[in-house]
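Two complexes come next, and they have one chain in common, subunit A, joined by subunit B in the first and subunit C in the second.
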Partner chain A sequence: MSVAAAPRLAASAGTASIAARLPRLAVLGVIALVVVGAPFLTDPVDSTRFSEAIAFAVIGLSLNVLLGYVGSISLGHAAFVGVGSFASAYMVSQQGQPFVVGVVVAALIGGAQAGLLGILSLRVTGLYFALITLAYGAMAQDTLFGIDSLTGGGAGQEAPNPFGPSAFRAYYFLSLAVLGLVLYVDWSLMRSKAGRALLALRENPRVAASLGIDVKAFTLLGFVISGTFAGIGGALFAHNVGQANSQVYSFNLTLIFVIMTVVGGLRNRAGVVVGSALFALITYVIEKVPGLAGRFENADSTIPVIALLVFGGILVNEAVGGRLGQRPRLAVQILCAIMVLLALAIIAPGTVPLAETQLRELPALTPEIGRLVLGPVLLLVVLTRLPGGIGQLITPFSRWIGGHDFEWSSGKVEEVQVNDVRA
Partner chain B sequence: MKLDRTTITRVLAALAGLLGGAALFATDRQSTIVTGISASVPYCLVALGIALVFKATGVFNFAQGEFGTVAIFALYLARFWFPWVGYVGAMLFAVLVAVGFGLLVERAIIRPLSEAPRVTLLVATAGIALLSIATQIWLGEAQARNVEKALSRENRFNVLGINVSDQRVLGIIVMIIVVVALAAFFNRTSLGLAVLASSQEPTATELCGISVKRVSALVWGLSGLLGGLAGVLAGPTGTFTPGQLTSVGLVPGFTAAVLGGITSLPGAFLGGILISFIQALGTTTGSSIKGGPAFFTFLLLAGVLLVRPQGLLGGKR
Partner chain C sequence: MSVLESIDLCIRFGGLQAATDVSIKVGELEIVGVIGPNGAGKTTTFNMITGFYTPTSGRVLFKGRDITELAVHERAALGMGRTFQNVGLVKGSTVRENLLTAQHLEVGYGVLSGMVGSPVSRAEERRLKERADAVLELMDLTHLASSKVQGLPYGDLKRVEIATVLATDPDIVLLDEPSSGMGPEESQELGDRLLRLRREMGLSILMIEHHVPLVTRVCDYVYCLSFGQLLAEGDPVAVRDNPVVVEAYLGVAAREQAEKEAREADAARAGVGA
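Let's look at the complex of A and B:
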């Protein structure tokens, strides 16, 4: 645990003067301003992208409960989310219920189905449970979401925006409020006896059981909470898009969910929220920043950017590995050389023979594919080099804002523990 | 796994139950039974690859399907780029690409994570699968393609009124050779013994002068080979899209491997045939249950894991 390992400086925080707190409050204010102001600084339609980021954050928190707290891996989380989406969409568009009822029903059904899977997980642990969820995800997409009367068949089920078809900004703030609620529930859960029991369980179920913790009950509780969050996230997601369609809830989406949570940093709430939002916003960034998407037809196009990203990745990689300044390995050098050649071929046509025409024939890198490509790369970097994920990078700052001294290593985590100790 | 009397009885019982089930439930019995056997190639080979990696390294390889998809794409590109190597040359190239992919995955991801928990490795292989699919979508676009078959005759055999193509027969023959060769490798050769040893006692194996790293590379290369064979044999029987063998074969492949007791290669093979039946059954009952194959597979997997987690052929654990 990152927080437990760090020195406790809480006592000194209270005595700090107003002047000392000023820069910290200022940083906090800027963050709040960005979060609240983002919809007003951009086109109203863009708010749907920010709302999507919020829905992803809720989904990330849901997966964090399962991966981080319970220690069970879910490879069917798109189905968890999809169940919420369809439940809410059905309630609102077919039953004429208000949005709130839709979300509540989504949360309940999401919790119930996760609870049922949780009962399975009590008997089948670790790696095998991952298989069950994988098969469940495939089954849900084909069979459950194929029930036409509930899901609207191939056309999908409509999920209207509660504030009207173009009230994108209002929906963003609604999403933000829901995220706040989910964060509060998560936070108070982990502070409660149940939260401590869950943590103890994950560390060592036998010791926990010997201390009087009901292993089965708390594991199930974790599942139900995760499913509830996933249902809420699914409802937010569907009403933002305007419909729930079974095509969306695929294995690829599940992997994106798992990746964003692990990259965000397990058991690190701020990290998971930022990581998830980042994964939702990658597509937006690729779309908006000129030259990031499109074909390689002129100098401002994808390859130089990819080159930069790879260089940046290698730099971060080496920095985190503590090997900055040493000569990079041969494979890294070759990779860099190839990237430089590719970048040259685009920036200065004619300098690199052969590559140029081939590159121009490459298909465009669309934002969605950009996310699919970047996601696994980030995951593999995190798994091999940065076990704490984004959370590891955020923790020093959040602790500093909270009144502690700035300490770069305070978020450090030894390894990505996704492990189910029962595996 | 030894082929003693109990095992044979179990296998026969499983097959009998299967045929009985197909005869009882399938609306179209003949086609369920014939397709069940003739379409089993991708399931069996993916299951074999999964069982091999798990047996030898204890890792659940979610990228196994992608080893195959990469081979399909390589075959397609080889026919397109250098048609002068002939079809056999193209197949060879495709299988080599898959082996190379397997070796790359081992070197770049598996080895640095060799000390990590097994669930972390599972997440890593899932990440590799997604990276591979994403790259295919990017470079190949999400459209269905065709690649020509090694053998194009569609009606070589007529079993119970159903045509079985040459390509499928070839697949089944290669598959049987692969199973026998793998069984011989593990049971008869010292290298096979070394692989088993390094999975059970890595330190002691290292002390005996066997390089665990090389064994690991060998295993992942072999699993790439199995994936490659699955790709070149099963890919041409229909159209293919990015992530083809992951979407078609990953869940059934894992189910088959679990059915067979996850560490048993013959078990994975039989599980593959069984799951192929289930898929065929799911397809023929498709009018009553949507997504039948996925539904039956989920029920079967959950059922086996709950009732008999050691699989049909696995011993006590």
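Let's look at the complex of A and C:
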């Protein structure tokens, strides 16, 4: 037994030969290559899509601070992000300041507004606080973002790319650097006193207080950090598109932000980044896969309907208390059969006797809707089957790259952590 | 001077008078026990002393200073630590991480410095980790340092919780049923440990405890609460044998039995004397 254990010990002690590390380094290299090479393998304009994914990742990390660390929800995050966008756009295009100043101002204003909302969260919690953030988001879009001199009104405020109007690739790498910075701050935060205080007060504010943690002060700090990240994300988002327009920062966008963060996996940095990027890139993928975009634009709306069916199937299965790996109840089996038939009718017309016209009369959907169709399906899967989100799937690999043994269960999240967001 | 003193603490929840005139004193290096049947107001008293409840009237003094108006974390900063009946730990973190969290007030760097991972904060983190490991060793918990709190057996959790409170570097700790979930052997061990901690760390201890052998062995003084009022106080053995206390726990019949035994013992002693 000791003979078998010896090489393992050596490996975990970090004295392993290069050969033993090679597969890990290779995987890391491939990931780096994809991230760095993506803009060069595609059309230059496509880089804006990747930059958007990076901006989404920063925004996801911002929501992760609120949802994952503080345990508070924001249903007005599009407004948080929007404030950052407009602040930076205004500073650069109206005040003639450099891009860096724009981002810093966006970060500061973002932090300040989140701090104000944080003060409110100390008095109003749970569902009521969620309602207030929702109202704030809706209100900001119509009032705050409607101030012509700051936001350019309906026409939007110009937010130029600092490297020139068509330097899409350069902007991508700038975004990547900013994401790296945000990731580093987040990582340091969670290894320091403030991060530990946040985790303790989310899980049990009474215990945190008895350990000497000022629960109110650190809740506020969490809000400010989240708002700062949101402001930075907003600035990245605006300068990528070239302008900030109030119509973009709607409740739909907030919904996508919240879903992508939860699907990514709360408190899991890699998961949040991947989840956010995934949601940003859904529309890109739909456009790129041959024939897929047509399906969306066409009135037959195949994909949304299938998604709806999957959603319904899972929902019914959960509602009647079935579990994965167990034989579902008869009612579920019948429903599933109906759904499969419906799906067949859509995918392969003629196989099932169903009026084609009825299917074609379903409303037309644009690729942008892809996020809102796939989002709830993924959310439902995560909430019922995969409490750690995408991050739960990534953790075993990231631990393996870090030198640990590969173990599927290492990313598993305990049930207690699913009961997030204090209600 | 007493480390901790509560003076006539009263609290009322709506129509319920949960505590009336509770006056408790803990001297320096003293181990004081609080006993009483379920619902006697023991944990309520703890909550008033530590600041979770605001008493309707009465005062709490800590090292002679009136702390009645202070928030929970401010009392912790003065050197008051507590454990919880249902285990107060961050369950998603490891044992060592819990001890790091507990050293919150000891951390010698600012929030921003930690967020950017400054060299100062890194050196300090190493120091905190060493201190956490030292406390774990003191409590014989080194083997659990990297285990997630979630999933540990209840007896271990109780010990981890005491270690966590010790990591806050308190002058007094309030332990809420430290031996619950422990067998006789473990609770014996806990008694030894508490006596050793008092000696080595200069701790004063106020503890709610049901396990009578533990109370009589480690406590210098005992208060008995019933229906929110102090029923008896004094030497642990005397309080244990006090007929009023016996009645509170076991009912009138038991009290009469105890009184009869006491009379017989007196008579026997008188007989010997004559």
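Here, the second predicted complex is superposed on the first by the 331 of 423 C-alpha atoms of A that agree within 3 Å, B and C clash if a C-alpha of one lies under 4 Å from a C-alpha of the other, contacts with A are read in each partner's own complex, and residues count from 1 in each chain.
Note that in this section a residue touches a chain if its C-beta (ideal position, glycine included) is under 8 Å from a C-beta of that chain, and two chains touch if they have at least 3 such contacts.
The shown structure was predicted, so the numbers you read here are calculated from the model rather than taken from an experiment.
J.: Contact-wise, after the overlay, does A:251 reach subunit B, subunit C, both or neither (first, second, both, neither)?
T.: In the superposed model, A:251 contacts subunit B only, not subunit C.
J.: Please work out whether A:224 is in contact with subunit B alone, subunit C alone, both, or neither, and reply first, second, both or neither.
T.: A:224: touches no partner chain.
J.: Return first, second, both or neither, reflecting whether A:376 touches subunit B, subunit C, both chains, or no partner chain.
T.: First partner only.
J.: With both structures fitted on chain A, tell me whether subunit B or subunit C touches more of subunit A's residues.
T.: Counting contacted residues of subunit A, the larger count belongs to B.
J.: Looking at A:212, would you say it contacts subunit B, subunit C, both, or neither? Reply first, second, both or neither.
T.: Second partner only, subunit C.
J.: Check the residue A:200 against both partner chains and state whether it touches subunit B (first), subunit C (second), both, or neither.
T.: A:200: touches subunit C, not subunit B.
J.: Quick check on my understanding: which residues of subunit A belong to both its subunit B contact set and its subunit C contact set?
T.: The overlap between the subunit B and subunit C interfaces on subunit A comprises residues 416-417.
J.: If we count contacts the way the header does, which residues on subunit B are in touch with subunit A in the complex?
T.: Checking each residue of subunit B against subunit A gives 60, 108-109, 112-113, 116-120, 122-124, 126-131, 133-135, 137-141, 243, 246-247, 250-251, 254-255, 258, 289-295, 297-298, 301-302, 305-306, 309.
J.: Show which residues of subunit A lie in contact with subunit C when the two form their complex.
T.: Within the complex, subunit A touches subunit C at residues 184-185, 187-189, 191-197, 199-200, 203-204, 206-215, 221, 225, 414, 416-417.
J.: Touching subunit A in the complex: which residues of subunit C?
T.: 50-52, 71-73, 76-77, 81-82, 84, 88-93, 97, 100-102, 104-105, 107, 109, 111, 114-117, 121, 125, 148, 150, 164, 168
J.: If you look only at subunit A, which of its residues touch subunit B in the complex?
T.: On the subunit A side, the touching residues are 73, 75, 120, 123-124, 126-128, 130-132, 134-136, 138-139, 141-143, 146-147, 251-252, 255-256, 258-259, 262, 362-363, 365, 369, 372-373, 375-377, 379-380, 383-384, 415-420, 423.
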